[in-house]
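Next come two complexes built around chain A: one with chain B, the other with chain C.
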Partner chain A sequence: MAAQMATRTNQKHRFTITRRQWRDWGLAALFLLPTVYVLAKIFVVPIYESAVWSFYHYNLLDGTPTRFIGLRNYQEILASSDFWVAFDRTVYFTVVSVAAELVFGFFSALLLHQMFPGRTFFRAIIIIPWALLTLVNGLLWDWIYQPGFGALSVILHGLHILGPHQDPVWLGSSAGIMNFVAVADIWKMTPFMTLILLAGLQSIPGELYESAMMDGAGFWKKLRYVTIPQLMPSILVALVLRLMGAFRVYDILTVFTGDPTTSVSYLTFNYAFRYFYLGKASAMAWFSTLFILALIVVYIWALKRNADAQ
Partner chain B sequence: MTRRVTWMAAAAAGLVLTVSGCGGAPPAPGGGNSGGSQKTGANANGLDWNKTSDPSLKGQTITVLWTDTNGPNGPKAKLLKQFTKETGIKVRELGVAYNNLYDKVMTAAMANTSDIDVVEMDTIWAGQYYQGHIAVDLTHVIPKQVQDGFTPSSLGSVTYQGHLMAMPWYSSTKHFYWNNKLLHEADITHPPRTWDEFRQDSLIIQKKLGPKGIYASGWSWKQAESLTCDYVGMVGAFGGQFFDKNGHPAFDKGGGLKALQFMVQLMKDKTVDPASLQWTEQDVLNAFEAGKIAMMSNWEGVFPQVNDPSQSKIVGQADVGLLPGEGNVVSASCTGSEGVAIMQNSKHKEAALAFLKWIGSREYQLAEFQQEGQYPSLKSLYNDPALKKADTSHTLAKIQAQFQYGINRPNAPGYVNWSDTLASALHSALSGQMAPDKALQKAAAKIEQAIQNENS
Partner chain C sequence: MLRQRDRALDGARATTAGEDARGPRARKGYPVWRKWFRARSTDLFPPFYLWVGLILLTVFTLAPFVYLFTSSLSEKQELLSGHLVPHRVTLDNYVRLFTGAGAGDFIHAIRNSVTVAVWTTVFSMVIGVFAAYAFARIRFPLRMTSLFAVLAMQILPSISILVPMYVMMRNGVQIDLPFTGVVLYQSPPLLDTVWALVIAYTTFSLPFVIWLLAGYFQTIPLELEEASYVDGCNRLRAMFQVVLPLSLPGIAATAIFTLLGAWDEFMFANAFTQTYASKTLPIAISEFIGKHGMDWGLMTAGGFIASLPPVAISLLLYRYIVSGMTAGGVKG
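On to the complex of A and B.
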């Protein structure tokens, strides 16, 4: 009983806010307010407004009156073949590019984790593709994919994989473009995966490998039973970040094609800033946001369940 | 305690949202202007053509947003200084690349800012500038006799449903260019006058010069506006139309269908450089000046680059003329004429009008032709000895001839959306993924649906 009373007294004491604390809080709030205001104006208000606009017919340039239409924008998007084509292509691009980046990034990280001459140099230059602007990367690969004089065609002709009269138009179809965009994205973003996983690898205690070796584990068993489980938190972070990034693919596509159905973000941008159908664009943006959030929640839940099971 | 903190956080968030001016419901379109019809007439806009020399305008500063990537020492910037010298009105130039222009104009309009007074207007934006209340309606501001001084095609390019939305700035269409040397090597004595002739010549050129890696023609048929432009010209040449008299899409039949079938046939003939499906106009020009294609369609301003030995392998070999026609149609070409408009939110409208007046003057239009090769919108200048003297490439008459056969793209507010839909269908057909008739029917149905949505 006495112990309970003491605890309550402690809690009461802990939760009693003194005048001085109020003053400190007030001062802290005063200092924070300008930043909070700017962040609210830049981030919170547009998010809130876009949520409201998604329930309105709000076409900026066609002279039609703005009016509340409930869920009609969402219904029209879900009934739009363009949206589903864009969605399928985005999912395809996201899965292919992120999976390849994870695999390549993992093995690159393993390689750069080893001791060999010039390791620091290679660790430094691997950042270069990642440091390139996405648009510059797009222009670079656009040149590589040019029919005739583009590097890809020249190399394939040189290797006699393409006949002298064969001159494929690599970016000729929107469906095919997704593969070439994925290659460009893998080239650029694999270093990102590598760096995150390399940091994770460096934090794995050496004793675990020593124990595994004493138990007779070879390279693959160490990889399976030590490296991958220990690296899982880094993999999770890298995957979630890349999934979100890849699903928003936009700028590189504008270099390769004028077809907005190559990604949901491209289509949303066109609805918002080419056609100025701001209500429908807001609904589309919210659909994407909710989809990404759902994806992340499911993924984290799955990983947590996996960790709990272990 | 946790509850109290939650309430405090919620209250703070609410306060911040309120203070941030988050009203929720979207504002009326047009940068805060109330909906309804555009204000028209001199009085409604407070603009008077005869008061552009008013001394009170001296010292005012106007901001002009247009395409100019040459910086403060470029030819346009020098011309602007001349305007300030003559009128006392200062000009702050926002020069951007063409591809950034539309976004910047629309962002300024959405932000309801009065920072920008004068903006460039491409022909396809006239409907949006009117219906979206972006620009001032100049129909009753610029006197009729002044309007009559411009070429009909340049005036039509800045007009939407009878509303003059900008001062005609320059004239532009696509033209037909060919490489005389390559045609001569293929034993072709004159450039084709009809599309049928073009196809026959293309087959001959391909047969004779194909083994050297040369294609008969190259096109800007990337899925983009450049593809729609070429198609619009072809539709005109084959006697088709974009919309019927009731405003319904009509390009999926008659001349419109024939035009696409012809374009697909050229691809099937393998006389078109296949990279055309990935090219815009600049890529086509690059191939042309590299001597890789014998014929092309492109805008004006090609000759300085084509005849520059540091950039071109075909110096002195290129010529220009009318794009081919078909049947009774002598020629048809997509127009690209542009204008300059006054923003609705401008606080210096009269000074901006003085600027527009200057843009439409002989003095400016001649100087711009001399310095940048931009073709005038003023009719009288085409007979002006000073302009003829400035025509160093001796192509003025040929370029001017094509202006007589210009076909405007629809400039209704929904055009950008329709054009994207159409370009997708055209590209599907050209890349062999869809039959021309099916592709056009699909595009027509989608555009019809878009029109209905806009009207509902």
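On to the complex of A and C.
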């Protein structure tokens, strides 16, 4: 909308730029100068450098000279099984946790949208998991998953689901870990989903439900024909935000396992700061960057569409 | 009206079933419990399912957090014998945290976390407020494109710039005049200092501040600003005397978000700080498990202490936190 207004003014004075416009542009430039300088210095230059280094053999520790090697870093990454294992696990984790967060968040939002006594209290407490430090969340779930004396084992023994002599090591295998990491992430990030969808629900008029009921719609039909179509813009935004968040998973994994092939971020971090293969790590970082950039394009498109619809 | 119709229908049903013979209560409508399974016309859930859902939601939301707290109040033997609720409550873990062998490091970590969070916030806010005003109020070419570029910077993961940032911190940061080769200031190497983290956190908090504040500024009516021009204010004075005071809640919310983001960050901290003098809380707490054995008591106590400020802030300033979340720039 604002962009349209700008074009309109431009059309009015297509050939003459007024003095006021010059003054405004000058002020804008002045106001933006510190930001542009800082962001250029600490964001644009680094991301450009990382693109350049991804084509170089650049190892800090082994004393080999830095030299241009073209696409070799990328080829090596694509040929390494570690990368593909990490990639598969990251995708698996992202899909599982975001899907579960969407379903749970959707139903929690529906619950908390309805009027009932004490609603403020219930709305407030759901923010607690989100506010917890990410790393503390990881440690807390690591504690819950401890074999023998962690809460999960204790509860399963108490319910006699596990026999008295069974004592599984929950975080034993790297493949299985992804499910347990997903549970921790679902616990922490479902509130985020809930709160975004809750905000979206406010804009659905109650009359729609009323008329759906007149047409004889039950619970599921109301969801199918009223709630979900009306909520679609919020669902899209929340979904893309969470996809981008889940794909970069790193913090929790460092707590749960020492195995860097559990996520692309972890593997990249390991290449950079365990072996100091800076060129290779830069190349691998670009896989994450491109993936997230693609999602950002979708996200901005969704935001623009929502803004236009209003 | 609709509800009246419902009631009339149900009454009719009850009559035909011959339930009115059972007394005045049944004649009034159907049995009370049935109301629990019927949604009102504008609602989705019947009360029964609503409350079942709410109880489940509450249990699943609070149980792990309560477990963190009860564990922090337990003795080591109780933790290792699987007592979910301590039979004897003790503050021993907290005492050890603040007076024990590692207390100095933990207190240092708190101080580092506060320093990093505060400086990141101050730095980002001071620079970002001007940019946000320009984006919200001044028309200039490529405005929307640049604003979306800022959003993209906010969302891109830390891993994208981690390696060059590390080298930058190792070599020291240069403040120079671009394209001239004139260096105004060359800092010493910043690895293992809190300043490395302040600079690194600015990469995501500055774009975030700009995006959020620009949104808040746009909600201030333009007429108010124009009225102040009539009174002879220039743009700068209008900004400081009209726009900023009116968006104070938004500014506060933005500052709080920036503080929380810096408080929570782990990846940069893990890469840039190795010494106790520079470690932040997440790193210090993670070291209770792993590096120095497995002290679950210390971990849960430390984790609870570190989580208390963000949890308390989120509960107290709930409305602002949610408005910031739905503004769409929060890293999910």
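Please note the rule applied: the second predicted complex is superposed on the first by the 275 of 310 C-alpha atoms of A that agree within 3 Å, B and C clash if a C-alpha of one lies under 4 Å from a C-alpha of the other, contacts with A are read in each partner's own complex, and residues count from 1 in each chain.
Simple rule for what comes next: a contact is a pair of C-beta atoms (placed from the backbone, for glycine too) under 8 Å apart; a residue touches a chain by one contact, two chains touch by 3 or more.
Quantities reported herein were computed from a predicted structural model and do not represent experimental measurements.
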Open item on the list: After the overlay on chain A, what do you see for chain B versus chain C, clash or fit?
Closed with: clash
TODO: Name the contact category of A:Leu278: first (chain B only), second (chain C only), both, or neither.
DONE: both
Open item on the list: If we overlay the two complexes on their shared chain A, which of chain B and chain C does A:Val298 touch? Say first, second, both or neither.
Closed with: neither
Open item on the list: Contacts for A:Val45 in the overlay, against chain B (first) and chain C (second): which applies, first, second, both or neither?
Closed with: both
Open item on the list: After the superposition on A, what does A:Asp259 contact: first (chain B), second (chain C), both or neither?
Closed with: first
TODO: See if chain A has more residues touched by chain B or by chain C, and give me that chain.
DONE: C
Open item on the list: Per the contact definition in the header, classify A:Val103: touching chain B only (first), chain C only (second), both, or neither.
Closed with: neither
- [ ] Look at A:Ala307 in the shared chain and tell me whether it touches chain B only, chain C only, both, or neither; answer first, second, both or neither.
- [x] neither
Task: Touched partner set for A:Phe192, first chain B, second chain C, both or neither - done: second
TODO: May I ask you to decide whether A:Thr66 touches chain B, chain C, both, or neither, giving the answer as first, second, both or neither?
DONE: first
TODO: Using the superposition on chain A described above, determine whether A:Trp53 touches chain B (first), chain C (second), both, or neither.
DONE: both
Task: Part of chain C, among the options 6-14, 132-140 or 168-176, whose backbone runs into chain B after overlay - done: 168-176
- [ ] Please identify the positions on chain A that touch both chain B and chain C, taking each partner from its own complex.
- [x] 29, 37, 40-41, 45, 49, 53, 146, 148, 273, 278
Open item on the list: So in the complex, the part of chain A that touches chain B is made up of which residues?
Closed with: 15, 29, 36-37, 40-41, 44-45, 48-49, 52-53, 56, 58-66, 68, 76, 145-148, 167-174, 257-261, 270, 273-279
Task: Touching residues on chain A, where the partner in the complex is chain C - done: 2-3, 5-6, 9, 21, 24-25, 27-29, 31-32, 34-35, 37-43, 45-47, 49-50, 53, 107-108, 110-111, 113-116, 122-136, 139-144, 146, 148-151, 153-155, 157, 187, 189, 191-192, 195-196, 199, 206-207, 209-210, 213-214, 219, 222-223, 227, 237-238, 241-242, 244-248, 250-251, 254-255, 265, 268-269, 272-273, 278, 281-282, 285-286, 288-289, 292-293, 296, 299-300, 303
- [ ] Give every residue of chain C touching chain A within the complex, in rising order.
- [x] 2, 39, 41-45, 47, 50-51, 53-54, 57-58, 60-62, 64-65, 67-68, 71, 79-82, 84, 127-128, 130-131, 133-134, 138-141, 143-144, 148, 150-153, 155-168, 173, 178, 199-200, 202-203, 206-207, 210, 235, 260, 263-264, 266-267, 270-271, 281-282, 285-286, 289, 296, 299-300, 303, 306-307, 310-311, 313-315, 318, 321-322, 325-326, 328, 330-332
- [ ] Would you tell me which residues of chain B are touching chain A in their complex?
- [x] 1, 12-13, 16-17, 19-22, 24-30, 35, 102-103, 106, 109-110, 127-128, 130-132, 134, 213, 222-225, 227, 273-275, 277-278, 292, 413-414, 416-417, 420, 423-424, 427, 431, 433, 453-455
